[in-house]
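Labels for the chains are A, B, C, D and E, by order of writing; each one numbers its residues from 1.
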Amino acid sequence: MSNQSEADGGLVARVESIASFEHQHTMLSRIQHALHSNPALVPLIVLVLSVAVFGALLGTKFFSSFALTLILQQVAIVGIVGAAQSLVILTAGIDLSVGAIMVLSSVIMGQFTFRLGLPPAVAVACGLAVGTFIGFVNGWLVARIKLPPFIVTLGMWQIALASNFLYSGNETIRAQDIEASAPLLQFFGQSISVGGAVFTYGVIFFILLVLVLAYILRHTAWGRHVYAVGDDPEAAELSGVNTKRILMSVYALSGLICAFAGWALIGRIGSVSPTSGQFSNIESITAVVIGGISLFGGRGSILGMFFGALIVGVFSLGLRLLGADAQWTYLLIGVLIIGAVAVDQWIRKVSA
Amino acid sequence: MSNQSEADGGLVARVESIASFEHQHTMLSRIQHALHSNPALVPLIVLVLSVAVFGALLGTKFFSSFALTLILQQVAIVGIVGAAQSLVILTAGIDLSVGAIMVLSSVIMGQFTFRLGLPPAVAVACGLAVGTFIGFVNGWLVARIKLPPFIVTLGMWQIALASNFLYSGNETIRAQDIEASAPLLQFFGQSISVGGAVFTYGVIFFILLVLVLAYILRHTAWGRHVYAVGDDPEAAELSGVNTKRILMSVYALSGLICAFAGWALIGRIGSVSPTSGQFSNIESITAVVIGGISLFGGRGSILGMFFGALIVGVFSLGLRLLGADAQWTYLLIGVLIIGAVAVDQWIRKVSA
Amino acid sequence: QEVSACLITKTDTNPFFVKMKEGAEAKAAELGITLKSFAGRIDGDHETQVAAIETCIADGASGILLTASDTSAIVQAVQQARDAGLLVIALDTPLNPIDAADATFATDNFLAGELIGKWAAGKLGAEAANARIALLNLGISQPTVDVLRNQGFLQGFGIDLADPNKWGDETDPRIVGHDVTAGNEEGGREAMENLLVKDPSINVVHTINEPSAAGAYEALKSFGRENDVLIVSVDGGCPGVANVKDGVIGATSQQYPLQMAALGVEAIKAWADNGTKPEPTPGKDFFDTGVSLVTDEPVEGVESIDTAEGEALCWG
Amino acid sequence: MQPILSASNLCKRYGRVTALDNCDFELMPGEILAVIGDNGAGKSSLIKALSGAIKVDSGDIFLDGKKVNFSSPIDARNAGVETVYQTLAMSPALSIADNMFMGRELRKSGFMGKVLRQLDRPAMERIARQKLSDLGLMTIQNINQAVETLSGGQRQGVAVARAAAFGSKVIILDEPTAALGVKESRRVLDLILDVRARGIPIILISHNMPHVFEVADRIHVHRLGQRLCVIDPKDYTMSDAVAFMTGAKAAPGTTASAA
Amino acid sequence: MQPILSASNLCKRYGRVTALDNCDFELMPGEILAVIGDNGAGKSSLIKALSGAIKVDSGDIFLDGKKVNFSSPIDARNAGVETVYQTLAMSPALSIADNMFMGRELRKSGFMGKVLRQLDRPAMERIARQKLSDLGLMTIQNINQAVETLSGGQRQGVAVARAAAFGSKVIILDEPTAALGVKESRRVLDLILDVRARGIPIILISHNMPHVFEVADRIHVHRLGQRLCVIDPKDYTMSDAVAFMTGAKAAPGTTASAA
């Protein structure tokens, strides 16, 4: 027809075999490939190494089922909040209000029970609802009004925190009172012991939450859409993802998870204290980033966050047990945050 | 030659006029265009409006040259740090260590003078050098080791802050002592008054710094490269920008500016206190983002940051004067942060 | 067997706690005890304190010296430690309830506030009825010390407290306003500026601690008001006492952290050696380590020491 | 006959730039309509307007004679209009299979799918590989490769395969062969003809005149944000078409403007 | 005659994918060398290796007979090798003029330029507009427009204009006309011939066989990460070239492999 066909003439006898190159399948290249395709593996290795190092330095004081499960208890709250943070960061957002939502929800659970006299179950439900609602407002502002997540949640952080102080009247509800009249609030503080290992319900909830979210992110359409939105929102929108709905559901879910964290917090400290959680945002972001989730969205896995939270917990407890004083501990954690990510980067480079 | 030329035949008599559409040049469309092409204009408008509103509500108590220059004094430190932050954020980074660098530098200036007995000028130079060095280390880790800026500066924040407390022994150097033996340290605290308006040297430095940086970013090759690196580092690299050198120079400059902020801080609070500046990072980021600089890099202007810092200052003082108590002020500032950016977004949408 | 003890302070950046730590370390070295110190990151950070208590239990310490950031919220963790056989001594701030700890060595912060309140009222004399008061507090989360000092001051000055468990709910017209300082110079200066613009006639300033007082003074200086405003504060650190001497601060209530810490370490040693617990001050439910008003301008009816004596006793 | 997709008087301005200037458009059932025009003439803007990716300032769009108002590409897709954008619209970090099924993932049957809403990955991967093979994209070695690791041409192939697999009413292709090799381009042209044979009309934007003249039933010539004319490739030569589109010759049905 | 740019035994692997597999390469002075090959054959990888944009796993590169080791595109540019990448390498938020002069900005003369290092914007804008006009990119209405607001073809035009303006030793073009219209493509081909007339050799990657056969002096056929053969366009037809590149015919100088 046209001259293009002149060139196309060469296609008549074309060979239709699939192009293939040789592959070397050495042990090393397999490990590299595994590391590359499982972003959570690197933090896991860092975690195992750090447990081993502290175990060697501290002996059974550290390397006991009691101490190791203690770490789990210590990171559970940050970890639950970190799960919420992971979802938001995967969409290329950031949630600075997580800690404020958590503490406001716990205060509502406590005050609704003690000040308003609601049954604890209802108060808990109210707390969860408020957390979800605040998250939803965040999501609405981000998705509909198209405000930057950093600003939205920065504002919401201040709003929720101030509301928390104003509403609670800076009043702590004592553990004894809660135990006596509303033990449901301390639900996540109960524990089961196996040998020396102590698993509080909060820890169990944390682990289950991570597993469920890992499943959802990996194996459902919603999960893939969360990644797509974080990766390139415009492309996601053009290729048929309802980005607004995804964003709003992510922020609302994040709020709900934070409210659960607030409930778990009551279990952990026994009481309801409005001054809790002031560093939750920075700590949860630390866990997320050490866990290998990209702050630019779309890359990483929530299991990485789990290991990231544990790495911080291991370093904190280990250094404290080594007797480092607080400032030295902060200094070393600073060094180790950079170090952990540098190792991660190095491994990825080798495997690239 | 080939058939492609068959199509090209149509080009022989091609018309070589520049394509042009009609343009409507209404007043409104000009304003819209101006808003669109000057990202700093929107925060400026928000600023002017908020000054007008508070002025109307509060009268001369607020709308006096004294009160307005007081706001400048109150935002000068955050603003200087915000200038450093702006540079880093324009490269799509973030610097959480700004506050820590600032306070560590100021402690070094103070302690080198009083503990080591160095001449104040030398001590100041040492403080500036240390700030620059820490910034450079940040830059090196970001550019060479390719670690995420959030993580690098999160770690550096903890390291610098802990070093600050460890080195200073939490010891405050009193204003009276400094005044007596090393007034150079308080240089930025001196002021000139014009009518009721009071301009401290710190404020003047802040304004000059913003103007100089605005010039550099707009009118030098280095400035354009900063934008290019933030916009798309890979494209910048491929099109001939030495991205590593740009990143390192940006972080080092940021460190230097923070060290200057530390010096200015001594001028403002009179004394050298290791507990200052704990929220500088979040406050400077707030100013930057309210000022319309994108956290994803490459977009925005440092003048916007200037107005952003002032907006926060105006709201803080205005709300106080309206009688809002501290907790309510926090809450309202939260609302207003979101509101200011929503207005910004709305104006941009109209003009798009 | 080696005896080890833990010191857990609210923060390790406030000179007050730094001194407390130094006192405890000196005593521990003297008695041959291993001391590990922990701290929250900011005032109100009780979660880090809980983690620290757990660390001490895991570490097998004999006792804990604790200045609680949230006096109620920490109780459950303290109970856990006591159940594990550790002696828990509250330093500086009593727990809520006070018997949640085995013993309490504390300054009476309310009394500390009351002393400076009375002094300020006495200094103004009849003018006290028309005073214009600025209150520079710690933070919007209203930590316990913050409330105790603030309310103590107001009580001493003769102002109705409304709810004594929080600041900011008083309606007395003499109060110009409250602001928060984060307990440092920077916050002190900005808070003072805000309140001065709001009402330039301020003539009495209560500050939560001496660094915020120093900041407030800088603000007053820039307004040209440094000579006609009374600043009162609490702490009694050496820079603070020097500031009293220089006339920056009118009066300050001095506390004795070194003594608290030393007593605490001795108590733990005794507990580890023979299981004895310390006794409270007769007539009080805690061991009062005392507080004294430091000023060079004593007023009638308020007991005080001068700055020379204050400097001899100051801590840092 | 009624056009299946049509538009009248579309206008779209970007700041000072006018991308669509009272543009009309008509696509007849079962035809391949090529859209040609200079760079920046507004072709992509036109099809973005048709597929709901941008909101026009004014003008109406009709599908099957009924006025439609697509507020997003999802609406258009649900109405059966499938588009390959010039920018491809892929999520770089996700796999080829994920991208192909984005927004219409297959779920497992039974409990896993209904209750746990688990994706049927094996099925999605199988179908994805099948579609790519149909296009002759044999050099893709691994269907779970992230899209960002593909060559430019491979990416384009994936996008075209996606549209061809799912379009039910109209398929819009914005320069689908720009980055493709000779072999792959030929496959795409074959595929376009296949799709027409299935009765689905296609809008093809292309700068490749031989391709356009080979497959198009009608050619919409776009110039300065407007439809200049619609020509039948059998009545005009490539040279004529290029002359119209660059303004060298007056378009049929318009008064003369240039020599 | 000595090749101006040559390479031997280049290897590059991405994870499990082999992009370059012992590839050789030779560019003679003053010639236009076309590189053709299937999508994913490794053409872009080859020129990225030559221009310092990627580090090869092994192999050597020679410029003017001397072994070179470009560690970044800047090195290559400083040595006079200018490249238009397939991804174009532009900063979307910056203006056309900024992008054209990225990395070699003009400074004002005198105090403003020497001491204050101020850019000479008017000059840069003038030259940028000039270069674009030479390419016939007339639809660009505003030289200070951000690159992200340009149509795909306009962007490509800007990238080509940049390379042509600054290349002094070798110019490499990776599919420079892929998104260009008929008129603009013709301009690029004219420009390529102009550049050769100035004595500067060009490497042209293209899938457009008519273009290739029109301008190329020699054709490097790339297949499966290797140089399959180099042919003279006067000795073979397009059909032959396509057959070599897709493996349908054995390449000249190799033993037979397919019918």
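Just so we're on the same page, a residue touches a chain if its C-beta (ideal position, glycine included) is under 8 Å from a C-beta of that chain, and two chains touch if they have at least 3 such contacts.
Keep in mind the model is a prediction, meaning the values are calculated, not measured.
Common neighbours of chain B and chain D (chains touching each): A, E. Here the chain-to-chain distance from chain C to chain E, counted in touching steps, is 2. With centres defined as mean CA coordinates, chain E is found 40 Å away from chain B. In this assembly, the C-alpha centroid of chain A lies 37 Å from the C-alpha centroid of chain C.
Spacing of chain A relative to chain B, judged by their CA centroids, is 30 angstrom. Once the centre of each chain is set as its mean CA position, chain C and chain D turn out to be 72 Å apart.
Annotation for chain A: residues touching 2 or more other chains are 2-4, 6-8, 10-11, 14, 19, 21, 161-162, 165, 327. For chain D, the set of residues touching two or more other chains reads 14-17, 38, 40, 87, 139, 141, 182-183, 208-210, 238, 242, 245-246. Annotation for chain C: residues 12, 42, 140 touch two or more other chains. Residues 61, 66-67, 70, 73-74, 77, 161-162, 165, 169-176, 268-279, 316-317, 320-321, 323, 325-327 of chain A are the ones that touch chain C when the two sit in their complex.
Looking at the complex, you find that chain D touches chain E at residues 14-17, 37-41, 44, 86-87, 137, 139-142, 145, 149-154, 157, 175, 178-185, 207-210, 242, 245-246. Across the interface of their complex, chain A is touched by residues 2-4, 6, 141, 145-148, 150-152, 154-159, 161-163, 165-166, 282, 285-286, 289-290, 294-296, 327-328, 330-331, 333-338, 341-342, 345 of chain B.
Residues of chain A touching chain D in their complex: 1-5, 7-8, 10-11, 14, 16-21, 215, 219-222, 224-225, 227-228, 231-232, 234-242, 298-299. Per the touch definition, chain C reaches chain B in the complex via residues 12-15, 18, 42, 137, 140, 168, 177-180, 182-186, 188-190, 193-195, 197-198, 211, 214-215, 217-218, 221-222, 239, 242-243, 246, 248, 316.
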